[in-house]
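The data blocks that follow each hold one structure.
Okay, so subunit A shows up in both of these, paired with subunit B first and subunit C after.
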Partner chain A sequence: MPDIASGTGKRPVRRIILDAGIAAAVVAGMGVMRGVYSNELMLFNFIVFLTLAQGLNIIYGFTGYLPFGYVGFYGAGAYGFSLAVMHLHVPALVGMAAAGGAALVLAVILLPLLRLSGAYFAIASMAAAQAVYEIVANPDLESITKGPYGVSLSQVFAPAASYYAALAILAFALLLVVWLRNSRFGMSLQAIRDDPVSAAMAGVSVVRGRTIAWLLSALVAGLVGGVFAWHISVFYPDTAFDLSVSIFATVFLLFGGATTLSGPLLGVFILYGIYNAIGIAVPQYFQFTYGALIVALVLFLPNGLASLLTRRGIRVP
Partner chain B sequence: MSPEPLLKIEGLVKTFGGFRALDGVSLHLHPGEVLGLVGPNGSGKTTCINVISGLYAPDGGSVIYAGRSIGGEKSHRLAKSGINRTFQSPRPFLSLTVRENVELAAHYGDPKPGFDVDALLALLELDGYAGRPAAELNSAQQKTLDLARAMATEPRLLLVDELAAGLNPAELSRMAVRLRALAGSGMALLVVEHLMGFIDKVTDRVVVMAAGKEFFGGTLADATRDPEVIRVFLGGGHHG
Partner chain C sequence: MLPAGKPVLTGAIIAGIVFGLYFTLVGLGLNLVFGVMRIVNLAHGDFLMLGGMAAWWLFTGFGLHPLVAALLVVVVFVAAGLPIYYLVVPRLLRSRDSEMLSLILFFGVSQMIEAVTTIGFGATERSLPPRLLGVGPFIVLGTRLPKAWIFSAAVSALAVLLVYLYLYRTRLGTLTRAVMVSRDEALATGIDVNFVSAVAFGISIALAGVAGVFAPFILGSITPNMGVALNITAFAVIVVGTLGNPLGTLLGGIIYGVSLMLMQTYLSSWANLLPNLLLIAVLLIRPEGLLGRTVRRA
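Right, the complex of A and B next:
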């Protein structure tokens, strides 16, 4: 690649510092909260959704593909971790590598889905996730996956270590998004999203760009699924492949604003905060509030909270 | 003019289902030459550009560029090897700034090291909008940005698809001067256009197409006197 005489073209260092600062603050904050707040599972779930929303941001925010079946990678990661721990008796960290590997393998198998677009892609990805669930939950495979009866991983149960591993994965996902927002590669992905034909004429390999984004997004979800299995240690296939995981991550991302770093973070903190505040105790109010919020979002802020500023020409970190 | 054509198309065929959009088109283009491709709507002009630029794979015939066959090659590879194009409706990256639009092509399109994005923006009078999102440009400016994106890859062959449509007379004159200047620098240009005044100012010769075939090659002045060309443009049914 040539050096390009630039000047104004260089990504301002200040932008990168601001993005990285937000990422660091969120990771540090979630780390500190564990010592302050006693409901560790709730904090852990926050980390899970903070990470999944950013993972989804990589594929949707930067390429425009919205996989409703994103949970498939999460489930593949959870079972990649579980199978490695149960059958190969590997330590948890090696199991995490298996989690990421399982999601990547699934992503490679599903690469042809990228030939679809829009609603067709969204639905096909959901069907693919359901297909993986059906395989994992098949009672005939009980000797391998434990079928519908769920897995128990008490031999690696380590709430503190898995919590901090989840934080590390969150940091990884945030750094990926910071990189995409401030690199030419990320810019090429946005160009592909805007117009793949024009992007190709700019010399950008559309297939390569989409493939990398797809694999990175799947990897993030797979790692989150793996750390979920590690932290929870007892779970069932319908938990690991629960479609509401996809829906939550999607709504959080869209509510905050895709392509930004802070949008999905805000989406999770606000909406998952509301869910935890009223969703469990008074689910009927929660469902009403959630439904009203989503309707308002679609009607008034289709590009999320971040668009309140971006439409005024203000760059949102 | 170089004796060897930079682009040589022989018997090019492109079909969509049972429809032959290109039905054996042949043409050639030398470095520094501007060839106009004219014909009624649906005659296959844009399809021809789409095949040369890798958007469609040909179903027959050959496309030879700089001595090698490029039929069916991917667009991004063609862009790196010196073929670029503009689009009938401009297709900028709307979420990127004007400068980012050009910078991206200058990064991935493999121009010579040290390519000056700012100088190109100044040349095309887009420097005042460099930091603005491309979505804020008007249609004429977006067309110019399309041209800038193409030029940032330093093409040897530029395919210009109805760049003049929608431009006012002053913009038309400036665009004609720009295209002639590009040809003066050795670039070969294939210009699809309906505005004959613009074609007259810009091209060295024209190829007239109808129903997926070329049936006239020569100067625009000769074309306007050719009874077959007149029949195709003014009515009486398609050639062939």
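Right, the complex of A and C next:
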């Protein structure tokens, strides 16, 4: 896993400015693009994956836990938003709070999963996401969740407002990562990731650190799920809990390089860019290429693009 | 909902045991690979699907009986498993966190298999006529079960028995168990760890293939994208029975089969929740599985 890299000689303040500058540039760029480029849905999906990849970065990059069922929080957020809007008729922003709340509640319920490690954790979180999906999509609960038939939220449909809300969430997620990369707390998380026993002996609270990272990561995914529901406004549980959302975010993150700020951004821009260029026309050929890329990535570049530089001692923002 | 009479209950339990034997076969290969290599083959369900496709193709194209197809699948899959092992696994095992990375790597493999199958066969559901494995019901203790179920369960039981004999009655099997206990010590005693593992990998996907041949009879039909859901099921089965312990899989499979049938009988719309909840519950309460020795992992 790349760096805690301190020996590059740059002052910490300059690093923070560089990190924050990248974050600001990405957010501003995605904001400007909306006026320039007409395919708003595609831009919106870019924001969704930029944010999810950073949300996953918070938990995987800084604690080493890789939740395959990350999409569970996204789906919980989407349904938190939908249920609040459908049953309580609240305005969209209150719905967004419900989305974040739903993801946090799920994260608290799943806290015991952090007792597991490695593949056990990954698979258990995937099973948890599936379980939430099975509950939401159950025909017996049609009166509450609309079961497998999907929800329609036309009363709050607002493409522009929801686009900017998504941008705000992206900014929030990027700031979280900038903060983790440059703060005492973020350093302590990386220490826990690399060696929990030594970190605990050095006085770092292991459980507290992991819990906070887990909740933050879930919150980001929940908010993204909520804004997805708001922007799309008609969707099915299959879409909100689609396992490929987790997988895409994971691959983007790994391709770019976890623990860095720019790695996941690059991963999304490059891979999701390719996907949008060729994947939609011929999905099977793309699926095959994608699978082959994942295999090659794990075998030859397991720490992502960023490791090409960090290996040579260059700090990647 | 059905009346909760005693015949219904016995019926559910007997059908559960029959299904459990089949699910043992589904999980067994995955467990063998985990036990020997400490990696999770997330493409296991896709190898199973390939076995099913092969059976369908051999029957519709050449009129071959599924039992013949199963034998062919075993030969081809073992032969295919060895090069796949040497291409991917030794390099994977040298990486920093092979257990974690294996999930991602084999997810990639699973995507490739799914894509190729969809291109070659199309995305439609395929099934085989159940009469191939016997006509009419088979009656066990007053419960009527399709003969195809009994046949599939019997083949599963035979496969489990053969794996047992391989592991405990052959030289290569003994070496395999040595690698399971400690890969490093096995290497130090001069065992060709890579060859032993490659054979285990081949056997593992051959078991998945055989399970696939009978999938149309037990699961109803096969589609190119059935792999992911089957993986969760297989994982639930082997975690319940203890990861890395092939015999525990039998226990896990039967517990899974019986609880699935009980759920389908009494609470059918919630039955799909079962593998997920079972998996999480066992992982949290007894992460080492029902037969495992206590090892703390986190």
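In this text, the second predicted complex is superposed on the first by the 303 of 317 C-alpha atoms of A that agree within 3 Å, B and C clash if a C-alpha of one lies under 4 Å from a C-alpha of the other, contacts with A are read in each partner's own complex, and residues count from 1 in each chain.
Basically, contacts are C-beta pairs under 8 Å (C-beta built on N, C-alpha and C of every residue); 3 or more make two chains touch, one makes a residue touch a chain.
Predicted model, so just to flag it, every value in this text is computed and none were measured.
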Next on the checklist: Contact-wise, after the overlay, does A:Q287 reach subunit B, subunit C, both or neither (first, second, both, neither)?
Outcome noted: second
Checklist entry - After superposition on the shared chain, which partner residues are touched by A:M201: those of subunit B (first), subunit C (second), both, or neither? => result first
Next on the checklist: Going by the contact rule set out at the top, does A:A191 touch subunit B (first), subunit C (second), both, or neither?
Outcome noted: first
Next on the checklist: Contact-wise, after the overlay, does A:V295 reach subunit B, subunit C, both or neither (first, second, both, neither)?
Outcome noted: second
Checklist entry - Now for A:S117: first (subunit B), second (subunit C), both, or neither, which partner does it touch? => result second
Checklist entry - Which of the two partners, first being subunit B and second being subunit C, lies in contact with A:S183: first, second, both, or neither? => result neither
Next on the checklist: In the superposed model, which partner reaches more residues of subunit A, subunit B or subunit C?
Outcome noted: C
Item to check | subunit A positions touched by subunit B in one structure and by subunit C in the second | outcome: 1
Next on the checklist: Under the definition above, what is the set of subunit A residues touching subunit B in their complex?
Outcome noted: 1-9, 184, 187-188, 190-191, 193-195, 197-206, 259
Item to check | Sites on subunit A touched by subunit C in the complex | outcome: 1, 66, 68, 112-124, 126-128, 130-131, 134-135, 138-140, 243, 247, 250-251, 254, 284-285, 287-288, 290-295, 297-299, 302
Item to check | Residues of subunit C touching subunit A in the complex | outcome: 40, 88, 91-92, 95-97, 99-105, 107-116, 118-119, 228, 232, 235-236, 239, 269-270, 272-273, 275-277, 279-280, 283-284, 287, 297-298
Item to check | subunit B - residues contacting subunit A, complex | outcome: 53-55, 74-76, 79-80, 84-85, 87, 91-96, 99-101, 103-119, 130-131, 146, 149-150, 152-153
